[in-house]
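Order of writing sets the chain letters: A, B and C. Residues in each chain are counted from 1.
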Amino acid sequence: MSTALLLSVRNLRVTYPGDEGDLVAVRNVSFELGRERLGIVGESGSGKSTTGRAIMGLVAAPGRVEADEMRLGGTDLSSLDESGFRRLRGKRVAMILQDPKYSLDPVMSVGQQIAETHRCHFRSTANAARAAALEMLAAVHIRDPERVYALYPHQVSGGMGQRVMIAMMLIAGPDLLIADEPTSALDVTVQHQVLAIMDDLVRSRGMGLILISHNLHLVSSFCDRVLVMYAGRVVETCAAGELAKATHPYTRGLLASLPELGRRRAELPQLRRDPAWAEG
Amino acid sequence: MIVLEHVTVSYGTGTGRIFAASDVSFRVEEGAAFGLVGESGSGKSTVLRAIAGLIPHAQGRVILGGREMSTRRSTAERKMAQMVFQDPYGSLHPNQTVDQTLSMPVAIHRLGDSDRRISSVLREVGLGREHRYRYPHQLSGGQRQRVAIARALVLEPRILLLDEPTSALDVSVQAEILNLLARLRQLHGLTLLMVSHDLAVIAHLCERIGVMSNGSLIELTSADALASGRVTHPYTRQLLRSNRGFDRSGAEIVDAAS
Amino acid sequence: MSAALTWRGWLLDPAPVSRRQARLGRWFRAWLAFQRNGLAMTGLCVVSALVLTALAAPLIADPRAAILQVLTERLQPPSASHWFGVDELGRDIFARIVFGARTTLIIVALVSAIVAPVGLAIGLTAGYFGHWIDAVLMRITDIFLSFPRLVLALAFAAALGPGIENAVIAIALTTWPPYARLARAEALTRRRAEFIEAAELQGASHLRIILSQIMPLCLPSVIIRLTLDMAGIILTAAGLGFLGLAAQPPAPEWGAMVSSGRQVLLGQWWVSTIPGIAIFVTSVGFNLLGDGLRDVADSRSS
């Protein structure tokens, strides 16, 4: 793990104007990311996905993104407009979403989609793009890239589709990969294959990774560092291995409320939400 | 309480015939909680739906409470087993208030005393008077799932079928729903049959567990055996390992394409 | 003021205490959304004006003036005594427009009363049961869809004699098929919904599921479609009137009025133009209302 700073976010705030006043989805979120694997965990509505989307410039209009600082390498993200973000996406920062079925174009073969991404970013010839796409498919451990290249999204399984997504997202060589619940739609046995592939590539290419998930076990066993979000705020940051020793009552409450194999309890402790967590 | 004998569900004919569940047999004693675990497409939900009587062309015998169920269930037979679905957003009618949702079963079975039944069942699932006349979109995910549980309970069934009842919920809400289910089971002496992909959730609520893969029941075990790792089938072992969080050794990279 | 505020509070209460309050609150919220749409409100005003005019016709205009022929005053231009002028037979056009609103409203009401139930019944049955029931019902729908509307109306008039009732039957016969398709599509998508399965599990009969679970979900789209189609229905009725196949003289009907003025269109423009404007305004009104209703329904489902 290199210490070179890749991304720094200071006081990120995302607001959605509404009928009954503004809804603040993310408030005062600050973190720094090197070439490491950072996990963001939280429950639905905690603002974890919105944080990821804000870094990608994907917060749709009426939503407002403000930050004291948001830098990716040498680029200031907070002053970037839509066309600036479009140049950035893919090449510098890429995102993988939960379900590959919705992220892939249903009328184009998966190989063509990867090649298209390559051509788009490198202005390469059709042959070069095809070769690069096949190489990338092999890199995500697809055994017969030629065959899979010609398949359409509906013909591939969920795990394979997510590997195709990884290939497509990494082909332009981004520095940062944001994976938003990348394996939640997959079966547990397949989940770990996909994560292992993602892990290998991110390490070998020296990239930064942000893994956004609701699954505490997954994040703590996969990442280096974990941010715990609640009501739009980061309530706790800790080394992933030490999540079990977390101090914030919210994190502790979440961990306690998980059923565990080998530890049968008649009743699971229920999380008592303290309004102060959202303020403090 | 629940006896399944050679239940088979298939679609299509000839070589294109797909078995969603093949030759599944097991029994669950009265008041027990039985869990079916497996991945998507393993047939666990198919078995549950066959027990519920939602698959009329299922073959084999389904015996609930000592009575063999007919293919077209009668209204009285329906009262024996009720089901809670996975998605609390999809299982409630979007245009009906909680009150309307709960009064329909009372009206169908002509139970009478609708008002008292509804308020008592709402109290049991931990919802107050203020929730009674709300529409589903005015409730949180956990509250909706409570309504779905109340709808199943209002008919006073002896068997409760649970299809991934907490997988669409946040973990803190999951704990509340699991506690509620455990309490209701005690209170009414319910027999539970729960389906889930999450071993920890299954093992928390159920004493006996069946592991399904590719439409077949491959291993019958217990929560204690799972907890101590005393399982025989390699697939069960793989599931167990996956359950313990990310582990490189558990992530044998195999090409699923072939 | 404070009474109005408490009413509002009662209606918007997030925790209603009775079925009635819950239902009224739901309607009130939809009304608030509808109210914000200016064009839709214009449409609602036009349609309400039509209904009010039709109901209060005898109060607004003299019923005799609509059919009384005063040949000495024929083809007079609009003036203080005859606001919209006088037609070629010496009848007051204002009175005829006012009483023509009744004819139009009768056609609109009758067509709706036939089209919506028939379309819903056939579409829901086909979509819910599927298989051969669906195939048979949809082929019947296709047959009706292939009838040309005006030709069918001509045939009806030839067989049964011209008149409003026959015009309505002819219009309704060719209007219901799209509603059946709409209801079928809706029923098909809802058929596998978990709340339908839950109802089945509780022992609800097919009839109960269709009526209490699926139909309420189809109704908004059917009502919206009906409102949007109303413009076309009014124009068809006017067209039939123009051809002399709808209302028979001397009963006032806007389409027939346009028709009767066409020989004098160049010299006395008001005889044709004013009923034409009435038809136009009413059609646009229904269209705007339908658009507004659709916007409300869309925003609620998203």
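Everything below uses one rule, namely that contacts are C-beta pairs under 8 Å (C-beta built on N, C-alpha and C of every residue); 3 or more make two chains touch, one makes a residue touch a chain.
Computed from a predicted model, the values in this text were never measured in an experiment.
> By number of C-beta pairs in contact, which two chains lead?
Greatest number of C-beta pairs in contact occurs for A-B.
> With chain centres defined as mean CA positions, report which chain is farthest from chain A.
C
> With chain centres defined as C-alpha means, what is the inter-centre distance between chain B and chain C in Å?
Centre-to-centre distance between chain B and chain C: 47 Å.
> How many angstrom between the C-alpha centroids of chain B and chain A?
32
> Based only on mean CA positions, could you tell me how far chain A sits from chain C in angstrom?
52
> Which of the residues in chain B come into contact with chain C in the complex?
Residues of chain B touching chain C: 52-54, 73-75, 78-79, 82-83, 85-87, 90-97, 99-100, 104-105, 108-109, 129-135, 138, 148, 151, 155.
> Which residues of chain C touch chain B in their complex?
14-19, 21-22, 26, 193-195, 197-204, 208, 212-213, 216-217
> Which stretch or stretches of chain B touch chain A in the complex?
By the definition above, chain B touches chain A via 39-40, 141, 170-172, 174-176, 178-179, 182, 197, 199-201, 203-204, 223, 226-228, 238-240, 242-248, 250-258.
> Can you list the residues on chain A that touch chain B in the complex?
Contacts found on chain A: 43-44, 141-144, 147-148, 156-157, 159-160, 187-193, 195-197, 199, 214, 216-218, 220-222, 253-254, 257-271.
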